[in-house]
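Note that the chains are named A, B, C and D in the order they appear, and that numbering of residues resets to 1 at the start of each chain.
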């Protein structure tokens, strides 16, 4: 072999002269699992972002309707006053007779039949506008208030109310899931490194017998853990980004403007953090293993 | 040590006198991953079963409504004849005037207003009963047929039609997913065994040098793969079963009677199959490794 | 029993370890392979049990042509050879008993006979009290003797010993050589690669001297 | 430099490997440890570099009490000891260069000096052409010489050699002993565990004979 190759062999090292362990089957497996998990996690967060935007887009349209029967028209004023005071209600509005007619006519399949006579006996309709953040019990509050004065509500509109609180639950759930997945990934990386350390136990023992410093023995594993995390995180983000590109037209149809860039540092950094922590956990065993020999 | 212990040490072996490799960290990790994957797969299949039962429970209630306006009453007979011929339609029925009235009255919030005069100008309503297996285009077919004769359909009922076909799609999707997950699990088990084989390469080489038969060298790994699969599958089924027990009251409220027992042989057997196949893949490398040495 | 003609061996690295070795060993022979470090002693032995295929030349072991031998035949051949490896090749995750019993297990011998047989060969090499130890808990010389016991456990008609006394003191080494010669008296062919020329003086045999991959001298001691 | 008093060593298995060893080695001494297989030679050496802690007795190495030594001091001590292990302990996944350079890397030596230094020690042991080989591609004796080269690479003031010539032919073994004696002339303390009593005749030194974990004889050859 030439002197050139010799020199190259000597120089391409980590600081401290340590060689990074070969990136073998075990590492690839761990990286793949972590990558897929982070990818799915990223998709969930992007999904949340999309849902948020989508809810935002129809949230302004959320109305509750309270019906007061024709015979109880005198209760209209007090009812409106009461509804206005329900916490979480932004404003209320009395729906015009013509509007009701148009609506009914539309519902009857545009049959063009004269609904005028009919509308005269229709109930009064009050439209209730909720505040932006709809709390869980708003619908029940309105319903109770209406019932007190003999009015009824459109039961089907209760779904609007629960959607918002469901969304908040989802966000919390996603945070918990993220933490759990991060933990699981940490365990996987840590286990992988533990296997590698086990396979190289002789080498580690030898280095200790030669008087190696702790960082000399552990550094390569810490670096490797961080590297696995970094690779997985970056690749996972890239996969998320690809999925977004694939759905681009569909998203723009829904008028959703997804921002995936903020996820890159989060996922890459998170990957590094997870991998490094996993490596720290794995290498903390190393000390215990040899402590008994000393 | 006593003769007793000695005898025990000699006897507790696999046929052929081979010792099963120790069930270490690598095997546990693989088993856990496979177990969780099979568990989730089992949950999906149980979910499908539940959905199937649930759909079955309201499928008999699926009706489509076609409205023909008052002025076009003369078209009623031909329309009914045409609708009857649409493929996938079981039977049709002309809704009685009183029924329509009752329905409208109910919809208007039981306001008790006299709808009689109103109903006289209402459209004729034809109720279309679909066959048990609703095909994807049934609703569009009915709609087209109705439109030809100036009638309209209740657009909101199109969801009923898509639900069934969605359900079929779901089943197909689940089959594909099952196959994919089985494949992934196979890869994981195979990789795990490959690692173990790598770590025990010296031992394998020694056994070959002593003239060991192929099955003597490979059997323990095949058994181990099958064992990992069996354990994972059984445990996964048990976890599914536990989940079902936890949801028991909720399920009985929905009048769903879930049968999880049929999954036990499927999951345990599937696990064994996956593990064994993975092991076969992993050990097939063993031959190639030493073939060059011969 | 063994005949080599113009045997050449070139390792994948390009190193020519054997450069035309001619060697004949009769059934029941007792042969020493000597030569400096790197002379090719281990390489000769490795070709005999088919661990490496010769690049050129003729090689017959127990009547089988090693260039054309089938896998099944090679397996059978190996089961009839007891090998003491230069690096011992003990399995550290198994007890001494398991290590020594491995050839018997590989050959599918009666499981009830394992323990008596293993005990007997361990007694030969003076390790009977280490039956259930793990190799790690043994001294270097004791490990070497476990490797020797393993080679003898299945009573093979041919024993290939690569530096069997490298880690043994003179007294133990003599004892091992006595043992091998006793086996040889009962018909076992023995080939020993060694650098311990003092052994040759006390234990007679045919001496084949290798130098840089070629036989340079053959004599009887 | 080294003083042992009533040193006892009991392995976790219950085996008493050393039963009260008294030994004194001066700076610049050249000591042979001899004794039958299992006498406790390796065990004595292992206590010297702190691989195992003695169960009882006094042990001072290079002025440090091995019973109370801190981890940091032990590290420093080990960096000043060159060890030739009985089982070589080569890293098979790294080249000969990396193996021999490992002590230098561990000690954080100037990376530019590694190659010349490694080349030089490999020349000493006659392996200069195997610089970029992997240990697997070396013969048993060559592997042993790589282990010897590694022990010398950082020029330590104390060399502990456990059977350094077990796999070497007489000529090479003599050469290695010459080398160790030359280092000894320049002040290096050398302790050699060996069973090769013929070496003692050609290369003078203090001889400590162990038997069943105790010193039975001390003389100069």
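Everything below uses one rule, namely that a contact is a pair of C-beta atoms (placed from the backbone, for glycine too) under 8 Å apart; a residue touches a chain by one contact, two chains touch by 3 or more.
None of these values were measured; they are calculated from a predicted model.
Traced through touching neighbours, the fewest hops from chain C to chain D number 1.
Counted as hops between touching chains, the shortest connection from chain A to chain B is 1. A centroid comparison over C-alpha atoms places D as the chain most distant from chain B.
Here the CA centre of chain B is 60 Å from the CA centre of chain C. The mean-CA centres of chain A and chain C are about 66 angstrom from one another, to the nearest whole unit. Separating the centre of chain B from that of chain D, both taken as means of CA atoms, is a distance of 66 Å. Not a single residue in chain B touches at least two other chains.
Contacts with at least two other chains are made by no residue of chain C. If you sketch which chains touch which, the chains form one closed loop in which each chain touches exactly two neighbours.
Interchain contacts (touch definition given at top) occur between A-B, A-D, B-C, C-D. By the touch rule above, chain C contacts chain B in their complex via residues 49-53, 71, 74-81, 83, 89, 91, 93-95, 97-98, 101-108, 111, 114-115, 131-132.
Listing the residues of chain B that touch chain C in their complex gives 1, 5-7, 9-11, 13, 16-19, 22, 202-203, 206-213, 216, 293-294. The part of chain C that touches chain D in the complex is made up of residues 11, 13, 15, 34-38, 42-43, 86-87, 133, 137, 139-142, 145, 162-163, 166-173, 195, 197-198. Contacts from chain A toward chain B in the complex involve residues 25-26, 29, 33, 67, 69-70, 108-114, 117-118, 121-123, 152, 188, 191, 194-195, 198-199.
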